[in-house]
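Letters A, B, C and D mark the chains in the order given here, with residues in each chain numbered from 1 onward.
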Amino acid sequence: MVAQAAREIRDGERVFVGMRLPLIAFVVAKRTHAPNAIGLFELGVVRDEPAPELLYTMGDNANVAGAVWCARTIDLMGMLQRGDVHAGFIGGAEIDVHGNLNTTAIGDRGHPKVQLPGSGGGADIASLAHRLIVIMPHDRRRLREKVDFVTSPGHGDGRGWRKRAGLPRGGPSVLITTLAVFRFVDGSAVLESAHPGVSVERIRNETGWPLAVAAALRETEPPSTEVLSIIRGYDPQGFWTRRGE
Amino acid sequence: MVAQAAREIRDGERVFVGMRLPLIAFVVAKRTHAPNAIGLFELGVVRDEPAPELLYTMGDNANVAGAVWCARTIDLMGMLQRGDVHAGFIGGAEIDVHGNLNTTAIGDRGHPKVQLPGSGGGADIASLAHRLIVIMPHDRRRLREKVDFVTSPGHGDGRGWRKRAGLPRGGPSVLITTLAVFRFVDGSAVLESAHPGVSVERIRNETGWPLAVAAALRETEPPSTEVLSIIRGYDPQGFWTRRGE
Amino acid sequence: MTSKVTTMRDAVTKHVPDGASVALGCALEPAIPFAFAHELIRQRRRDLHLIGPISDIAFDQLIGAGCVAVVSAAWVGNVSAGLAHAYRRAMEQGIPRPIEVRDHSNFSIAQALLAGALGAPYLPTRSLLGSDIPRANGTFREASDPFSGDALLLIPAITPDVTAIAVQRADEDGNAHLWGPWGVSQEAALAARATIVIADEIVARSVIASDPNRTIVPGTKVTAVVHEPGACHPSPLQGRYRRDHEFFHQYHAATRTPEGFAAWIREWVSEVSDRRAYLAKLGARWGALRDDGVPAALALF
Amino acid sequence: MTSKVTTMRDAVTKHVPDGASVALGCALEPAIPFAFAHELIRQRRRDLHLIGPISDIAFDQLIGAGCVAVVSAAWVGNVSAGLAHAYRRAMEQGIPRPIEVRDHSNFSIAQALLAGALGAPYLPTRSLLGSDIPRANGTFREASDPFSGDALLLIPAITPDVTAIAVQRADEDGNAHLWGPWGVSQEAALAARATIVIADEIVARSVIASDPNRTIVPGTKVTAVVHEPGACHPSPLQGRYRRDHEFFHQYHAATRTPEGFAAWIREWVSEVSDRRAYLAKLGARWGALRDDGVPAALALF
């Protein structure tokens, strides 16, 4: 997942990095194909070099020391709303075929079965970044026909919905799971590649919506040894990368 | 004028000081009866001690060094709009009996006879401070029945106008001229005191609106020797205080 | 100027009544004033309205301790460990009491506090259009932009009764220097009716005045100054001490049940008299987190 | 990162076309990039739309030199000397050409630029209600607050094509440190399509990164970096040089007539090749204004 996430960052882009796995994807991208990417962190940090040590949160001292800008949340969110942010990462508890994400509550918002933490900056990134990169564990209960609550708007009910809703741009570009990579085409997720050793049948069984498969379906490119070594060097204990995430 | 202006600052108040004579009034007030007054400068400076030397502009290095807060214009204007600023000073080219001020243009705005510099922060202070203190040379062409352009709203056409216009508070409290002090009562200027040696008749002749005189009209209290010595110590060349302002 | 320095106990007693709306944790993951949150719990404050973007586990503790009636937040959880158990219990089972949540995103709460700081009634945004958050929040309004006709969401101002911010240093009047990311701290401090500054170090006014660009809030907006070293543990304070990741993970494991939560609060809050005793209880663990900072000094350029 | 450092001449040639909207003088009285304004005059830019709160005499010079079609400003004058003669001539007599003025207050232009920086269509305010400024400006809208019904004025966003800001120091990527008051500089830089940083000193990235709270604009938003010591004279740059009051007063006296203005521009702009030559022409006067600053250094806390 981390290797594929890193590939989604293009050189020179401004990226809302968020936390957990995307932090490591940013490190990988910077050290491989995207040395001029800029990392933006919604608490108010802008970095042109990744932090030199494993981060547990974006507010760890190591992510602040050596930053080129310590700012306010509103400054970075302003850049996002203004259209200055090329891509952003988010995860979620649930996603639907149009990329709408739920991180708020399973069940009814008033009387939830499972209360989740909420949006954080996720809904803003989903609303305003040019391109949204979603990372999630692959599970039939997470990849659902319809989510219980739309925290972060994806493509709504499909093509053209974002424009009708008033969103200025963007929407999910890719969904990277523990099993596969989906690309959003005309507002709907299409299976683009299956991770090595994963069958389409297994993906279909673990996906809560009727699977659309790209004509040019391929195997997800495995991480190079260089990338693996960057990941293991950065997270030697596997705190973020060993949890099956 | 400076001595009277200083008297209008109460101890502990937050005051938008502006430039020119009010800068000196702030110095006088701080060193006499209002040691805890706080000076706010719209370019983004907050001081609890006046600058130690004569200022030509609020942005002189001496007004920045030793400040307790260097901020952005929007931060200080936000405090003003929020209602956190007790009093503010402004001047103007023209004023009417209700305290409406013109600093934009004499004649028609499109084809002005005299183009003036404009509002600066004056219109904001007039709109949003709890109390407005106006300082102007006394001249019949300046104290007019009606001003050509309302840059800084005073009491409009009189009592109750500000509320109807949507202004949240404030309005001119006092007009200090080279000849007299006017207090605004129910939205109109009333002659409160004449400077020593100035007759009411002279004031009437030099005022463009029908003069209303307070029942308890008195002589303006002259500056004490202490105040005079502060003013002369601060502006020894009389750059600001000798121009008859 | 009269000194505004007081104890955390007095600051909470005097300035945070039951029912108050209180913003804290406004720098997001760093500089969360846990010492302040713990004092609210010790003084058994009730019916608070908590305001903040992330708060890490501070909101969870206050909710679990029964101090809270309303939460306006973008995220309530445990950043490096996962879900917040006390928040889950309150929302899913009404334990120890039901709470009302006004959903926000980080941008919407930043805009609400900025509007409060600016004295503006609201800020207009394109964020969250098409999200279910506006409906769940209940205080936003849909509108169309009178200039372009585009859809907009209007985020109304939030003006907390009290904002508590933790900083590296402040003078006795409350002029406060914070370095590291500011999150929504400045807006929250300027929007509040009363601001409490919690300083790791009290310095002379001349240190503040040597670098006024670093001032996050001027003394004239500050109600009380608390000198409380280590007030943010287990969250970090840039240049002073690092985040205690393990503490967050231990809290996560310990508070899975109501009994576990109660025991944790007893151990780390109720039976600890103040932050000094809390740091003493941490012992060598605390010493290991501290950075070798440079003492406060005049800025030179 | 590739260096963005270039000359003032190239920065203006490449990034400021005729007809551009250009924000400058955004810190109000200090840090006005006169060297940039003079290069616009030397390159005979036409039909510019000037944006800025106060600008002291920079706007007057550009207007008098015929570079300007539109001005969005709160105040155009000579702060310590009085009225701006070239501005008066343009407005009163159309000399050298008529200009359109969109009246602002300092707050309204700050809000317009903040809206631009935030990507918001407008900001709502209570300021200027009952003033004639909204009518004279022509771009504001009256509205009522949907929450309270109160009257409001909506200030539409301004997004300059180019913002030029002068700072004490920047690195080659444009990460820029400014101390002293910021005025509306940060909003203007973040709102712009292209931002030109004019640095008194170019420093290593490590100096910037030692104190990222002092960064007014990150390199990622910066198009060009000009290393131009003394770029702000006669306005001051905190810690580097003081305001040359007498220069403002001499300009005021010299430019009362069109002929006087033309002669002044010849002497101080057209016949001066660049800022280095300008400072050489100032000679000892320039040396006397310089502060004994401390060299750029890593920040230590």
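The working rule: a residue touches a chain if its C-beta (ideal position, glycine included) is under 8 Å from a C-beta of that chain, and two chains touch if they have at least 3 such contacts.
Bear in mind the structure is a predicted one, so any value in this text is a computation, not a measurement.
Asker: Report the chain whose CA-based centre is farthest from the CA-based centre of chain A.
Answerer: The chain farthest from chain A, judged by C-alpha centres, is B.
Asker: Name the chain pair with more contacting C-beta pairs, choosing from B-C and B-D.
Answerer: Answer by contact count: B-D.
Asker: Just give me the whole-number Å value for how far the CA centre of chain B lies from that of chain C.
Answerer: The computed centroid separation for chain B versus chain C comes out at 40 Å.
Asker: Please tell me the distance, in whole Å, between the geometric centres of chain C and chain D computed from their C-alpha atoms.
Answerer: Inter-chain centre distance comes to 37 Å.
Asker: Go ahead and note the Å separation of the Cα centroids belonging to chain A and chain B.
Answerer: That gives a centre separation of 56 Å.
Asker: Just give me the whole-number Å value for how far the CA centre of chain B lies from that of chain D.
Answerer: Computed from C-alpha means, the inter-chain centre distance equals 27 Å.
Asker: What positions in chain B touch 2 or more of the other chains?
Answerer: Within chain B, the residues that touch at least two other chains are 45, 64-65, 70-71, 74, 77, 80-81, 128.
Asker: Out of chain D, which residues touch more than one other chain, so two or more?
Answerer: If we look for residues of chain D contacting two or more partner chains, we find 118-120, 125-126, 150, 152, 179-180, 182, 186, 213, 239.
Asker: Following the definition at the start, I'd like every touching pair of chains, please.
Answerer: Per the contact definition above, the touching pairs are A-C, A-D, B-C, B-D, C-D.
Asker: For chain D, which residues count as touching chain A in their complex?
Answerer: 1, 116-120, 173, 175, 186, 190-191, 205, 208-209, 212-213, 215, 218-221
Asker: Where on chain D is chain B touching in the complex?
Answerer: Chain D residues touching chain B: 27-30, 53-54, 56, 73-77, 79-80, 83-84, 87-88, 91-92, 103-108, 110-111, 114, 125-133, 136, 150-152, 179-187, 235-236, 238-239, 242-243, 245, 248, 291.
Asker: What residues on chain B touch chain D, complex-wise?
Answerer: 19, 41-45, 56-61, 64-65, 70-74, 77, 80-81, 104-105, 109, 111-124, 126-128, 149-153, 156, 161-162, 165-168
Asker: Using the touch definition up top, name the residues of chain C that touch chain D in the complex.
Answerer: My answer: residues 118-126, 141, 143, 145-148, 150, 152, 154, 156, 168, 179-180, 182, 211, 213-214, 239, 293-294, 296-297, 299-301.
Asker: Which part of chain B faces chain C closely enough to touch in the complex?
Answerer: It is residues 14, 36, 38, 45-46, 48, 64-71, 74-75, 77-84, 128 of chain B that touch chain C.
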